[in-house]
Every structure is written in structure tokens, then in C-alpha cells.
């Protein structure tokens, strides 16, 4: 079977979100998760720029530059939503009030370390935004990423080569090939896409 | 979107246990959650640590818990207004820890915001705490102050738990709502989601676990 | 001339407040200052329970238990006033945003130390409220108190005997006999009530 | 009650000096004070340290100051969106300090609240800062971040300087307003005192020094 598409991956994450959860979706692929969450799941989305309980983009022509998510995309607020300042927003994130943060990843280590904010190259400008606050503060950190880099190397590794976003925080990894839990005893494959075997997607040693 | 509304004060305080730390909103009479306090009184739980600005003024506020022997420790900024609190403390039957009001609220905020502490202005009441000089001024390390339950009074609430307050009844409640494991709010008006302008929400629903409408008198024994 | 009455003392403080100042009046005698501030002074009163820009008590029968000052007295809010939580209120106080705090005092030392929160007696319950936060945080601390105790001992002393509220913070002392500035070089008498001489009101050594 | 309204953007930014630290509100395009930034550009002051969430996106935002050579240092959480910022940094002509967004706002709050610092969750970007373990978790000491001037965009303002914001344009502005010596806010609506419900004020006037109505174009050279 083919690896999951990005939308299929996003849908898989959406299905896994607990009922009633407060969730922050990182920029990039994690933001695709929103459209796959069923209303019956009663999930509340948080955005670090100061927004709780919002939905997808407004109809064409109705976008408002004052109403955006953390990825600067126009969104709509839902009944029961609220606006607040960055201080209270980061209290929600750092204070453990979010149930799940779904983040993109460059690499995840077998011990749950996450790299997703900077390549470490001297001429690559850093850009952290709220990634470290989320990774350190949400109750569960789920990573949504391709299983392998474009040139075929595993992104789940023994040890991250890229600068870390946070240490030992990732609890679940959703890829185009598998769903993997990060447990104290190690990585546990919860699901695999049919036709793929674990030896094909087990952690690599990481970049030299 | 979860529905936070419970049917009775009794349901709102359910789970309060011996030895718990409880935050009670209010400054003077403004914002004291009388219905929730009465429901707690009916539970009769003991050995509580109560965190509040005042220790009550007599009658149906925190004083009623103290008089009922439910409280073993009070953390507050101004205990003197409660005759029962003062008398039991003088008899050695109640521990009272007095904090500057600003330290009290800052420590709540630390707990709610996931901070390990605040480097706060040194005061006489902080003597003995770890201190340091930054930019020529003396500061002390103040640690987070958490609770198992916060009982607060809001004005308008929606089913999702968004809250507004009324006038100076707001005081400590927004910070207490961030600092407790379980937050129960009594409210004077209950509306459907959308009934509070999202610009006017003071405490977003993420911080609130239970909402009870004032006058929900099912708690009475 | 007789010593000033409490109302005269309060009026003297009111007259000294700078134009446009943000001011917190402590409980007790300092709260009397409010009624003597002229509208043209553009003074804004702050109360630590979360209130800015308020006026005196409402007409009889119109008091609202939700609208009180720090002394739990019913007040009225003025156009342009605001309500906020204790956290923001103490940011105003501790962050140096108030121009003047007028506080009562048990004792003030020649070096500007203030005692006003606790007698120190083992059976006297402490009650600090916002006194320490104000004393440490406002830009200027003025103390309004009688010059002498009821049994005639000076309340301005070389060294405070009561537990301190804050060290070296008082900038001006307003009593029934004098207005005194606390300067680096020592106490400076700015005004004396006619007929009184400084030797009668100079600092005492403090309680044994 | 002091009147905070000034007649022009030029008056609102008057006093901005070489070497100042300036906070600029905004997240994305939401809340960026374009009028005040343009007035600052007209002043052409140099060696500024600018504290903002982003380094701009090009055009009339912070990028315009960077392109004009006014900025020697940027403190932000996400500089990558500004090509001018990235290019000058790569050429070694602009210092860029990147902070986690939560650390950035917490340090502003410390400055505004008179704290000596916050004991904040340790992150990779805090390595080298003083650290300590509290309750088994590693924290670092983060110091206050102050500015000489904060330029922010509000929605409704009254003459006293009370502010409300619009939607997610609120973001950093309320904290910046507490952390700068001089705070100038541009607003879309200006009302008399009382025109904002006291329950709905987000930034009380005590924090605001100057208010300018959007469209006050007298700043143009």
C-alpha cells in the first residue's frame, strides 16, 4: 500500500484526538488536522497569538487581517471563542492547560527528543515562535511528519542531529507509514500502513 | 465544545477532599462565592488549606468553614477581619500564613503560567526566603502557589466556561482559575456560547471545569 | 495654634498631589484625602482590588457590594474608569506605575523606613494586605499620620521599633504638626503648624 | 484625568532617540502599528533595538526600518519572515536575538510588573543562562525586558488612554504597554472617557502616554 498522503496523515491525527481536548496545531502540516476534526469530538483549538475556539478559513473575500492563526492564515471564531493577549495565551501553553500540541518535526529521537525549529546552519536564521513553549508545556506532544526525508533517510532517529526544540517530550509520532508511541521502554509501533514492515521504518542512527 | 454547566452547587464542589488546598475568590464581600462555600460547608471536609485574600468577615464566607473546624491552614494577606480565624489562631488551633497581597497573586500566576517561580520584590515577610540582588535591588524567589480546587464567583458565564466578572468582584478569581486543578464558578447569568462577546471574555473556558448558576439550591441538605 | 485636624491633614496631602498623578490612598486616614482633591488636579485614584479612576461613596441606598475600594468602602466609578484583576493591579503597584502612595504609619524612621502593618506582638494577627507592595512599588511614598502617639511619644523616630513594612521608602511625612521631607541628608521640615517649633516634634529615639 | 490624545503620528513618536529600545506590537499583520512605524521612519533615528514578535514581512512594517538602516538589533521570536532582516543579519550588519515567544512576553511582563525576573521553563535557547531545578524540572532565570518606547495598535481608545483591541491584533500590545517608559497607541476609534465600558478595558490608561487616531496624517514630511 502506498504511504499515507498528507491529508490522510492529518485525518489520522484528528481521529486520535481525545473527546473534549484543548489542542494547539503547529504551523505547516499540523494545521491540516483542523479540517478533519469531527464536530462531535468537541475539540477546542488554541492558537498562540491569542485565540481559543476557532474554525477554518472564512468564505472568499471575508478574510480579516486581524483574525489569523499562528500561521498567519485567516480563520473564523466560533461561538464560545475568545481573544486574549500573548501573556495569557502562553500561560495556557506553558501552564499545562493544553491537552495536546500537534507539531511538525525535522527529527524525533527514540527518547522523545524533538528537533523542529532550526537546522543549526550558521547562515540559517533561527525561527522559534512558540515551538519551544508548546513543546515544553502541553500535556502531550504529538509529532506529525513524513517518516523519511526526501532523500530517504529516517526522521525517527536514535539521537537528533538538528538542534533540539525540547528534550524527551514527544509522546506520539504520526507519519505516512506508522503511528508510534514513545514510551519509557522505547518506541512502540501502534499501527503500520498495510504492506510496510517495521524494519523498513525503524529509527536510523541520525545524521553524522 | 465541552459543556461545563452542573445542576447544583453540590455537584460543583464534588470531590473536595480532606487535606485539599482550596482557593476562594473575593476581596471584602466582592466576589465571594457564597453558594459554593455553603456547599463546601455541607460537605464538612476537614484539614483544608484555604488560600484567599481575607480570612472572611463572619457569617457565610470562609469564616463559616473555620468555625466548623474544616480548616487547618489559611494562606491570606489579611486575616484580621475574621474573629473566628484570629481566635483559633491565638489558641494554636489554626495555622495562618500571611503574604503580601501582590506576592499572593503573583504566586498564583506562577502556578497557572507554568513558571518555577517569580523573582519578586523583597519584603519583610519574605525574610528567610532565598534572596538576590539584581540591578541593585533586593529580590526574593517566590514559588508557585497551587490548589486542588478554586471556588470563584463570576458574573456572566457561558456553557463552555467563559467568564466575565462584575466590578471589583473580579479581583483574584482570574488568577485562581489558572492555578487550581479543578475550577468551579458560580455565576449570576448563564448564556449559550456566543452570549459573551469574545473580546469581553475575562477567563476563557479552558480554565474552568464547572459552572453553576446562582440559585441552584439543590446543594441544601 | 492647635494641631491640624484629621480633615485638615488630609486636605494638606491632597493639595500636595502633583497634577495628573496616579495615586493610591491607603486605608484609614489616607482614605480621607480623596474628598479634598480638586477636580482640576486631574488626579486618578487606584485601588488595589482592581479599580482605577473612582470617586466617593454613592448616594445613600445606592451602594453596591461589588464596587468597593481597598478599605471595603462603597465607591463610584468615574467616566474613564476601569476594572481589572489583582494581577494587573499589583503590576501597576509593583511595576512603578503609581506616582504616589499615601499610607498610614505606626512609625517612620529618619531614614525613611516605614512601619505600618503589624505591632509585632505575638498574639496580634498580622495583616499586610497590599501595604508592602505599595510601599515597595510606588514612585513616592507619603505617610499621613499623627505626629505623636496617644501617650505623647514621637512617631518619627531614629529607628523603627515595630516590624518594618519597607526600608528607606518614605519620601514625605504629613502630620498634624508638620510636613517633613525625607532626604538623603536627613529629615527636612518643609512646613510647621504656626506656634509649634521643631524641637517639640523632632524624631524621638523610638521605643525601647 | 489627563488627556492622552496627540494630534499627529509625529507627535506620538516624538522623542524617539538614537540607541533607544522600541517595542512594536503585532503578530503577522494583526496589530502592527503602521502609522506609528511610518512616523518613526520619517524620523530616521538610528541604532535602534527593536523588540517585536516578528521582524516584519516586507513593506511598511518593521522591515521598512531595517531597510532604512535604523535598526542595529532585533529581539524577536521569528525573524525569518523578513528578507531584509535575514539578509542584513547574514551580512553581519544586524544583530538578531531569537527568544521563544513565551519567554519574550514573560520578560516584558516582568518589566511591567516590577519583578526581578521569572523562573521560566528551560529551553534550548536559554542555554548559558542561570538554571536551577525546582520540583524535578529544569528552569532558567529570565530577566526583565524593557523599552524606552512601545508603539502599539489599539482598536478603541478614550482620551484617558484606556484601550481595547480587535481580535488577534491584541497579542503583545497589553504587555508592551506595561514594559516601556513611553507608550504610544494608534487607534481606529477615539471616544470620550466613559465610551468604553469599564468592564471591557483591556489596557487601562495608566499604562498609556499618547493616543493618536488612525488617519492623523500630519506626520507626513
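By written order: A, B, C and D. Residues from 1 in each chain.
Methods note: a residue touches a chain if its C-beta (ideal position, glycine included) is under 8 Å from a C-beta of that chain, and two chains touch if they have at least 3 such contacts.
Since this is a predicted model, take the numbers as computed values, not measurements.
Show me the overlap between the contact partners of subunit A and those of subunit C.
Neighbours common to subunit A and subunit C are B, D.
Quick one: point me to the chain whose Cα centre is farthest from that of subunit A.
C
In terms of C-beta pairs in contact, which of B-C and A-B ranks higher?
Higher C-beta contact count between the two pairs: B-C.
Roughly how far is subunit B from subunit D, centre to centre by C-alpha average, rounded to an integer in Å?
Result: the chain centres lie 33 Å from each other.
At what distance in angstrom does the C-alpha mean of subunit D lie from that of subunit A?
Here the centre of subunit D sits 29 Å away from the centre of subunit A.
Give, as an integer number of Å, the spacing between the C-alpha centres of subunit B and subunit A.
34
Touching two or more other chains, which residues of subunit D qualify?
106, 109, 113-115, 120-121, 165-167, 199
In subunit A, which residues are in touch with two or more of the other chains?
77, 83-84, 90, 93-94, 137
Connecting every touching chain pair, does the picture come out as line, ring, star, complete or other?
Graph shape, chains as nodes and touching pairs as edges: none of the named types, so other.
What are all the chain pairs that meet the touch criterion?
Chains touch in the following pairs: A-B, A-D, B-C, B-D, C-D.
Can you list the residues on subunit C that touch subunit B in the complex?
Residue list for subunit C touching subunit B: 47-51, 64-68, 72, 77, 83-87, 90, 93-94, 123, 125-133, 136-137, 163-166.
How about subunit C: which of its residues touch subunit D in the complex?
Residues of subunit C touching subunit D: 20, 22, 42, 44, 46, 52-53, 77-84, 88, 90-98, 137.
Under the touch definition given earlier, write down the residues of subunit D that touch subunit B in their complex.
That would be residues 106, 110, 113-121, 132, 134-135, 137, 139, 141, 143, 164-167, 199-200 of subunit D.
Which of the residues in subunit B end up touching subunit A in this complex?
Where subunit B meets subunit A, its residues are 1-2, 109, 111-115, 158-160, 162, 178, 192-194, 196, 198-199, 201, 204-207.
Touching subunit C in the complex: which residues of subunit B?
Residues 27-31, 53, 77-81, 85-86, 89-90, 96, 98-103, 105-106, 108-109, 120-125, 165-175, 202 of subunit B touch subunit C in their complex.
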